[in-house]
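So, here's a batch of structures to check.
First subunit A sits with subunit B, and in the next complex the same chain sits with subunit C.
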Partner chain A sequence: MINNPVGRITQGQFSFLPELTDEEIALQVEYGLGKGYAWSVEYTDDPHPRNTYWEMFGLPMFDLKDAAGVLTELRNCRKAFPSHYIRLMAFDSTRNTESITMSFIVNRPPSEPGFSLVRQEGVGRNIRYTTHAYVTDKPEGERG
Partner chain B sequence: MNMAQATDDQAKGQIKDAKKRYSAGVLKYRQMGYWDADYVPKDTDTLCLFRITPQEGVDPIEAAAAVAGESSTATWTVVWTDRLTACDSYRAKAYKVEPVPGIPGQYFAWVAYDIILFEEGSIANMTASLIGNVFSFKPLKAARLEDIRVPVAYVKTFKGPPTGLVVERERLDKFGRPLLGATTKPKLGLSGRNYGRVVYEGLKGGLDFMKDDENINSQPFMHWRDRFLYVMDAVNKASAATGEVKGSYLNITGATVEDMYERAEFAKELGSVILMVDLVVGWSTIQSMSNWCRKHDMILHMHRAGHGTYTRQKNHGVSFRVIAKWLRLAGVDHLHTGTAVGKLEGDPLTVQGYYNVCRDSYTKQDLPRGLYFDQDWADLKKVMPVASGGIHAGQMHQLLDLFGDDVVLQFGGGTIGHPGGIQAGAVANRVALECMVKARNEGKDIKNEGPQILRNAAKGCTPLQQALDTWGDISFNYASTDTSDYAATPATSA
Partner chain C sequence: MAAPQYTIPGQPRPAEQPQAAAVGQAATGDAGAVAAPPGAMGPVTVGEVLANSQVGSAIEGLERDLVGLAPVKSRVSDIAALLVIDKLRANLGMQAQAPSLHMSFTGNPGTGKTTVALRMAEILHRLGYVRKGHLVAVTRDDLVGQYIGHTAPKTREVLKKAMGGVLFIDEAYYLYRPENERDYGQEAIEILLQVMENQRDDLVVILAGYKDRMDTFFRSNPGLSSRIAHHIDFPDYAPDELLQIGDRMLAGQNYAFGTGAREAFQEYLAHRIGQPHFANARSVRNALDRARLRQASRLFADRDRPYSATDLMTLAESDIRGSRVFQLARPTTN
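Let's look at the complex of A and B:
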């Protein structure tokens, strides 16, 4: 089990809070829609901190203005990938931003083994560090 | 028109007759061409607003003309060699003077500078002109550069922040909330090994960044290499324990620029995502380090060490909003810009003005916030402001309300001084932050309901309860020395 004060991976906006209910998720989605963001559902079984590209569960929902629609997509994703990490991401296309403006985890595997830190001793006291996800010892599709 | 009247008229403005203008001797600055009430600033001009306090008996318009003269081409006497040049281009023009509302003896003076006056991409050159000699000029008791408008044509000669706040977030994979940091304390005396312990505990507990303090360089108690090695062990271990990208600002400030490059290289070898320099290293060094960071994918944190010596007093020096503009042009990614509610100087509106300068695509004139000019940033990257100094979890609603998401909130004492330990302190801050962002997004009025939101969150989080019990009532309510002086209706010209 991952060893930190909350016992789980703490990526995203709300990992230190109790899991958001679907009603609470809908309020966050509405906030983003109010700002003109487009929501996207992404999932992965490799939560390495530098694993930038989680799989997209469809394209960002640029024309979807209703939180219920986003929640439907999220439920479909949960059904298809019940033991994966799933996150909601909001994109802002405003000039000089053009990036992600919200991101939070909305589904987790039942157990989160976390990471080991691999130290490769180098010249002098230099050490090269690698963060290794235990779960990735198994091939994709056989994890979780 | 009698003779006396003619002489009087002449004294008021520029002498147009070249022979009279360039005959040897001393003229008033306005006679030399440094005052032009009819001047219409060009889009390519740099505009400065000075607050000046002329000596008794010195006419404010002549004082303003003197500021324009002494910050551009003038010397105290007429020189014929002006006539070898297109000298009118090089003369800055004072074009407006108004009394400062409510402060007798002080005047606002607007001065325009032609684009030919400055070297492209050089803050050192711009500052050598604008604040080079003029602040020691005897006819003025005091002078302060309140604000500056840098024209787009000149902005485009600067590369700006090496990373910028948008790309920083993408690299760190952290969105939609302020970042959390803490300065490692005590700032002096910890060995490298002990220092790394503080870094590890803070990051593992939930902070995104730890930070070297401004005067941590390479002293007898801790050699810089030792610090870097232990800190990076802590950063990597905390990253593995949380699954998040973490960092610690490694201060590379040193005795020489060569030392600084050496330290930067070593930080890169160890895989740090961020470096730090102190403002006292000077403009050219800052721009060099910015170039290095751009080349090596590094975030550059600027600690504004020393700025209070020239930014704090309202009547003399350079406003921090000007320093912030110069630093955005020079190219830093993080900049300490005040907390408004913490232990260090800062009126809330004035501080918000600094934040706007860091983060706007286009800064609009906003007199209550001390922003006297529109500033088009021409798509220059944005700087992440840093709020640090005497803030704690109990102020989370105020901080989020004042500064929004794009800010690093640094709770040094508020993390390390937590009764349950450093990790508990970090947990308290992270929970306070996340619950407040969540509540704001849900449409709650955090400014008023904030304390209750924190108390509710603390019911499920002992560390937050302990933090509120320890610091909940601490505030620093002192009058600010630096506030914006403005009149809703501008006063008539003096």
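Let's look at the complex of A and C:
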């Protein structure tokens, strides 16, 4: 496939790498905690790149000292949504930054069929293009 | 061009992956030096292990800084000894399972439960049993919610914050209120139990409270009692230990007893112990605080005298003797 060479979506950090193990995730989380970031867990079943806001799994975790807390929450999320996309996000609350500084996918559905290119013919045979995720053809709850 | 250090899913994996192995090892090595690979040349005597760890200094610090508390010190020494032996066992490829370290501290007011808990986090960190060594001190309010469905997230949040360190629950018996069967405290206890059992490596829970109330609490929650490996009872301090504590408190605040003041304070303690609401070290601290107030008024009264450093740091006998305890004690001694 030309637009999906690795057969999976590539969003956020490390998405061209093989899946991170839990130990490697813990190391990344530790790095973020060392910088004072607040981690949060989010999930979705719609991999469209413009689907920016995923569902929050619990609140962002402030004041954590150790990665074990984030991994506990990640395990809970994996148990609840085993075949959803799950990502970890680090929020930097520093004045004037106040945004997400790290984000990576830590769980994926077993198969990722990718996207189709949809062409829409407009006024004057003008063509509009858009991408469409195959999984979203199925109703919510049956995807993945 | 250097070969990529990762594999692309679907592609054949390269034969060896030294980088990935190194990353995995760094992660497990974090938990302390216990995870030495079997077969590596490691220490074989207790002395060698002690030499390249901070265990010795942790125990010495406890001995040096805390007066009395023999049961506490002996238990900490036991835990430290187990760590050292576990390292030796790990060197020979034997199983070295982390022990359950949840504790309950019971004792009368002012016997040092909170002080020891604060130090315990640091000691366990030095021993390598907890990764970060911070202490999260909570009471019932921080764990139990106000309405249905509020307790679980609240308790979980506190537990997450405490991971890698020590969770200290002060006045733990308040968690369980038998008189109200719809109390949410029970829910907090259940979540606590679950995490104490399943994530023993991630955090250590210390429950503290007065002896009699904690006994009732444990009787009504046998599951909790059996999951706590170390029930440590804090004894009351002997009078001479209280005097030592007083000496240290004063030294810490740059004060000292003047001539006769130490004897007066000893006498004060002898009277005070018999009186109601005696709270061990806390009473000592309060008594010394009041003596400092009296010293300040005494010095304040003399407007024109230049004071030296010695004057400003000395508690005179009269400052101690001014206590109400002596007046209360007199009629009974006569």
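We take it that the second predicted complex is superposed on the first by the 137 of 144 C-alpha atoms of A that agree within 3 Å, B and C clash if a C-alpha of one lies under 4 Å from a C-alpha of the other, contacts with A are read in each partner's own complex, and residues count from 1 in each chain.
The rule we apply is simple: a contact is a pair of C-beta atoms (placed from the backbone, for glycine too) under 8 Å apart; a residue touches a chain by one contact, two chains touch by 3 or more.
Note that this is a predicted model, so its numbers are computed, not measured.
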Touching partner for A:Gly69 - first (subunit B), second (subunit C), both, neither: second
First (subunit B), second (subunit C), both or neither touched by A:Leu27: both
Subunit B versus subunit C, judged by how many residues of subunit A each one touches: B
Partner chain(s) touched by A:Arg50 [first = subunit B, second = subunit C, both, neither]: first
Contacts of A:Asn126 with subunit B and subunit C, given as first, second, both or neither: first
Which superposed partner A:Pro109 touches (first subunit B, second subunit C, both, neither): neither
Subunit B versus subunit C as contact partner of A:Met61, first or second or both or neither: second
Subunit B versus subunit C as contact partner of A:Leu17, first or second or both or neither: both
Common interface positions of subunit A, toward subunit B and toward subunit C: 6, 16-18, 24, 27
Subunit B partner contacts - residues on subunit A that touch it in the complex: 2-6, 9-11, 13-18, 20, 24, 27-28, 31, 47-50, 52, 89-90, 95-104, 114-117, 125-129, 131-132
Of all residues in subunit A, those that touch subunit C in their complex: 6-8, 16-19, 21, 23-24, 26-27, 58-59, 61, 63-70, 72-73
Sites on subunit B touched by subunit A in the complex: 166-167, 169-170, 173, 175-177, 204-206, 229, 232-233, 236-237, 239-245, 269-271, 361, 379, 382, 423-424, 426-427, 430-431, 434-435, 437-438, 441-443, 457, 460
Of all residues in subunit C, those that touch subunit A in their complex: 6-10, 23-24, 26-28, 131-132, 134, 153, 157, 159-161, 163-165, 199, 202-203
